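Note that subunit A is present in both complexes that follow, paired respectively with subunit B and with subunit C.
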Partner chain A sequence: MFKAIVSAATLTSALDSVSVLVDECKIHLEEEGLSIRAVDPANVGMVDLTLDAAAFESYEADGGLIGVDLSRLEDIAGMAESGQLIQLELDEETRKLHIQIDGLEYTLALIDPDSIRQEPDIPDLDLPARVVLEGKDVNRSVKAADMVSDHIALGVNDAEEFFYVNAEGDTDDVHLELTQDDLIDLQVGPAHSLFSLDYLKDMNKAIPGDTEVTLDLGEEFPIKLYFGFAEGQGQVTYMLAPRIQSD
Partner chain B sequence: MRLGDYIEELEPDEEAERRRLAKEKSYAITDHLERFERNFEQALSGDTLVGSSAPSIFVGRSNYPDISVGVLSPVGDESQAEEYVTDGKWYQQGYAIDDVLQRRTGLLNSSKRANVDSPGIASRLAPSVQDVWDGFVGVQREVAIADRPVDLEIGLDGTPDLGLDAGTDVATPRGPRATARSADLTENPHVPRPVKKTLEDDDWQAQGAMTYLYRRGFDVYEINSILSAGALGEAAQRRLVPTRWSITAVDDTIGQYLRGRIKNAPSIDEVQVWANEYMGNRYWVILAPGTWEFELVEMKSPGSIWNPDPAGNVWMASAAEGYEGRSSYVEETAGAYYAARLGVLEHLESIGRQATCLVLREVSDDYWAPVGVWQVRESVRNAFDGECGTAETFHDAVSTVTQRLPVSLDRLRRKSTLAAGLQSNLSEFK
Partner chain C sequence: MGNAALRDIAVIEDVPFADIEGVVAVDAHNWLYRYLTTTVKWTSSEKYTTDDGTEVANLIGIIQGLPRFFEHDIVPVMVFDGGPSELKADEIADRREQREVYKAQLERAREEGDTVAIAQLESRTQRLTPTIQETSRELLELLDVPVVEAPAEGEAQAAHMVKRGDADYVGSEDYDALLFGAPYTLRQLTSKGDPELMDLEATLTTHDLTLEQLIDAAILIGTDFNEGIRGIGPKTALSEIAEHGDLWSVLEARGEHIEHGDRVRQLFRDPNVTDEYEFETTLEPDLEAARKYVVDEWGVDAGEVERGFERIEASVVQTGLDSWT
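Now for the complex of A and B:
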């Protein structure tokens, strides 16, 4: 059983943060809220999303699992204006999702969850450095790096206590340093890893500018990047495997 | 073989000799052009080229969609028409730049202007090239789908532009051109069964039809010609496709098919370096264990074509794709990217493995005239012959190979995504 009413803005944010990595996903409809976990086909980027029942206008579920085509569902959600409410109801018999936006009714055929890529295990990483910053600073870093290169190095200078962003291009370089004062929080530790901008750019799209973003970093280790949305009642965690510079 | 030993064995004594010969030979082209001019005059009867035989076609891209459509025929060398078709045989026979130019300048391009959608008057009512088998474009399409040269008569309009000015050693001699009035078949062209099948099935999407032909043993050269003539794909979508675009479209399409075939294949288990050298181009193919990732980096020496200033810097270009390919056309390296990728994918598919692959192409100043992207395709395809060098790690291989490159490791790292860092995956960190 699944029946919920949610604001278009909340639903869209949730879907967008998953669709940057995969086209289809499984959605767990738990009593306390919904959750999605997915990894891209190359096993490089992963998303773990939860949206609490409290983020909905109303929410009832008893632990079902559905598979959805994300772009279809996004298109439908896109029909609503941001203030509008979207009503979702699962028809257990036909395995279809009934969606209502104002007078508009849409019946979405679901995908057999078994046909969707297996959900990843979340790697248990011990990352020594933590950087907390505003979403708009992540955006600025990614945008600047993208002007010169297709990869970006993120690191923490242990001794001088700052977080840095490096990008080396053909001829031009980008370097950005953010100290304790520029950041919301910084826990120093040895950290320097290179990441593909293709992935980071996509993940960045899902980050609201005014939200608080936490980056956990290590040396040639995946980055764990997480932030809240829907007034803190939703949580997105990304993990991204690094590009290895030495063997 | 250890990479160091492998590179030792490549030591290019004989290469230097070949280069010297290539340089000397480049003057022979002038004689060749004079001979062609004589042949041409002999073959012309009034304003008609009789007893002609066309092995292939050319579709221009300038002024698209009103483009020039031509049949290519060797004048005075009809019995050898097959030899004038660009394909892998040119590599097998060890063609040098001169040989290619002789073939190219020996082909008369008799062309007419046509619209890619509605080349014939009759078809204007139903704008698709699909049913055009009459007139000049029809004959041209017959030539494209036939698997051997087709005998025909070409009516010429006005004076042909032989374009045979080989006066400078800088400009590339281009083939002679003539404006055609008409073309008539003088035999029934032979069309292979699978081509008939793709031709007749007008609900079949172009990509699927191209892949089908490839699986039936047609090489990209033949598929390219068929696509160019608008002889496959869904009926309403069929167009004349400029030769240059269709070459890349076929390389890309077949590459995507092969990439799909290796996506779930196991990875190779060691770092391998394969080298090849052809026509003043040297290729290094570095394969490393991992999921499919591909990059082509080109280094063009000062004094080579596209980088003519002899005192300039090595010019670099690169393009890459990840496991799922690219969503945009490559901005740098263009058609060479898809041609090199095809060569690598054919090898990986044949051994049933996937790999992370970096192709380094070094263009020396011996590459004095552009011969076409087939040179890249065949060089990479044939790089996998014999033995390869092995290295402990991908970065070891890159730094060892870089000692032989005209650029520093630092410059390579700045240009090359793969040299900067190899993509790892999350399961390596559990």
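Now for the complex of A and C:
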């Protein structure tokens, strides 16, 4: 059983943060809210999302599992204005999702969850450095790095206590340093890793500019990047595997 | 090559690249041949021959084909066909010389009307030119892709490596991989979509057959090494084997004969393979040297291979999250 009413903005944020990595996903419809975990086909980027029941106008579920084509569902959600409410109801018999937006009824055929790639195990990461910053700082770092290179180095200087961003291109370079004062919080530790901008750009798309974003970093370790949405009642955690430094 | 009628018997399912892990022992001739006949066909011929007309399409094929393995953390091991069964691979130093030997043997086989030997030898002399043989190996070496020289059929050697647990899948378009006892065979590794996984155990269970019976059924239908019995397709072959038990009883019951049936059977049951091979699964391609080899030395248009090289480069420096689980 699954029946819920949610604002279009909340649903869209949730779907967008997953669709940057995968086309299809499994959605767990738990009593306390819904959750999605997915990894891209190359096993480089992972998303782990929860959306609490409290984020919905109304929410009833009893632990079902559905498979959805994300772009389909996003297209339908896109039919609503951001303030509008979307009503979702699962028909267990036909395995279809009935979606209603202000009188518009859409019946979405679901995908067999078994046909969707297995949900990944969450890597066991012990990351020594933590950086908490505003979404817009992540955004401008990624944007600037993308102008010169296809990868970006993120690190923490634990002696001088600052977080830095480096991108080196064939001709041009980008560098940014943010100290304790520029950041919301900084826990220093040895951290320096290189990441593919292809992935980070996609993840960045899902980060609202006015949101507090936490980055957990290590030395040549995956990054854990997480933030809340839907007034803190939703949480997105991305994990991204590093590139090996060639030099 | 191989018998497509086996498709009706084999248990085959599509499997996404992302679900494939480990080492694939690729029938190198078969794999390269696909690129020579299909992929490169769509490119204009100046792009894959040098100024003096030497064919270098294999180099483009290798650079276009390898990223699919690398991007999914699959290690390809290229298994090349070796000498005819009577000869040991290490007795032949020079590949050109080897080809001459094949040719001579082929002529002799034709004179003697030895159809099994003709089929075996033809497949090796005609599929890849000496230049292609040589340049493919050299490029693979620069890219640190392991190469294994089979004593005879590459496919049989690949199957043997999977049986021994040194590889996880045979990579071949050829349905005969089943007959060589390959537990898992990946087909369509060169196509755009998902590969197909051919499962030996499931095939035998589905038809309630032993591997020996499957081989006998295939011989009735026809293999690379023998003509089948006219009028026997997959269905009949299975029901005949089920009824009579083995090849000889079926032939006797129908009053038919298969030339060299015993040799063909032996070729599949006990192929000439070797345990003497070793390879590493951590690959460290020298991309700069490989680029030079392909573009400068063999004059391939850089644009033809740039995308492939970029994909290889990206995939070898990008780690996967599974390294941390």
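The rule is simple: the second predicted complex is superposed on the first by the 245 of 247 C-alpha atoms of A that agree within 3 Å, B and C clash if a C-alpha of one lies under 4 Å from a C-alpha of the other, contacts with A are read in each partner's own complex, and residues count from 1 in each chain.
The definition used in the following text is that a contact is a pair of C-beta atoms (placed from the backbone, for glycine too) under 8 Å apart; a residue touches a chain by one contact, two chains touch by 3 or more.
It should be emphasised that the depicted structure is a prediction, and the values quoted were computed from it without experimental measurement.
Upon superposition of the two complexes on subunit A, a steric clash is found between subunit B and subunit C.
Once chain A of one complex is fitted onto chain A of the other, the partner contacts of A:Gly169 are limited to subunit B, with no touch recorded for subunit C. In the superposition on chain A, no contact is made by A:Gly234 with either subunit B or subunit C.
In the superposition on chain A, A:Gly33 contacts neither subunit B nor subunit C. More subunit A residues lie in contact with B than with the other chain of the pair subunit B and subunit C. In the superposed pair of complexes, A:Arg117 makes contact with subunit C only, with no contact to subunit B. Once the two structures sit on top of each other via chain A, subunit C runs into subunit B at 256-264, and not at any other stretch of 40-48, 130-138 or 256-264.
Where the contact sets of subunit A with subunit B and with subunit C meet, they give residues 39, 41-46, 120-121, 123-125, 196, 221-222, 239, 241-244, 246. By the touch rule above, subunit B contacts subunit A in their complex via residues 291, 316, 320, 322-324, 392-396, 413-415, 417, 420-430.
Of all residues in subunit A, only 39-46, 120-121, 123-125, 150-151, 168-171, 194, 196, 198, 221-222, 239, 241-247 touch subunit B in the complex they form.
Listing the residues of subunit A that touch subunit C in their complex gives 39, 41-46, 117-118, 120-125, 196, 221-222, 239-244, 246.
Here subunit C touches subunit A in the complex through residues 16-19, 71-73, 314-315, 317-325, going by the rule given at the top.
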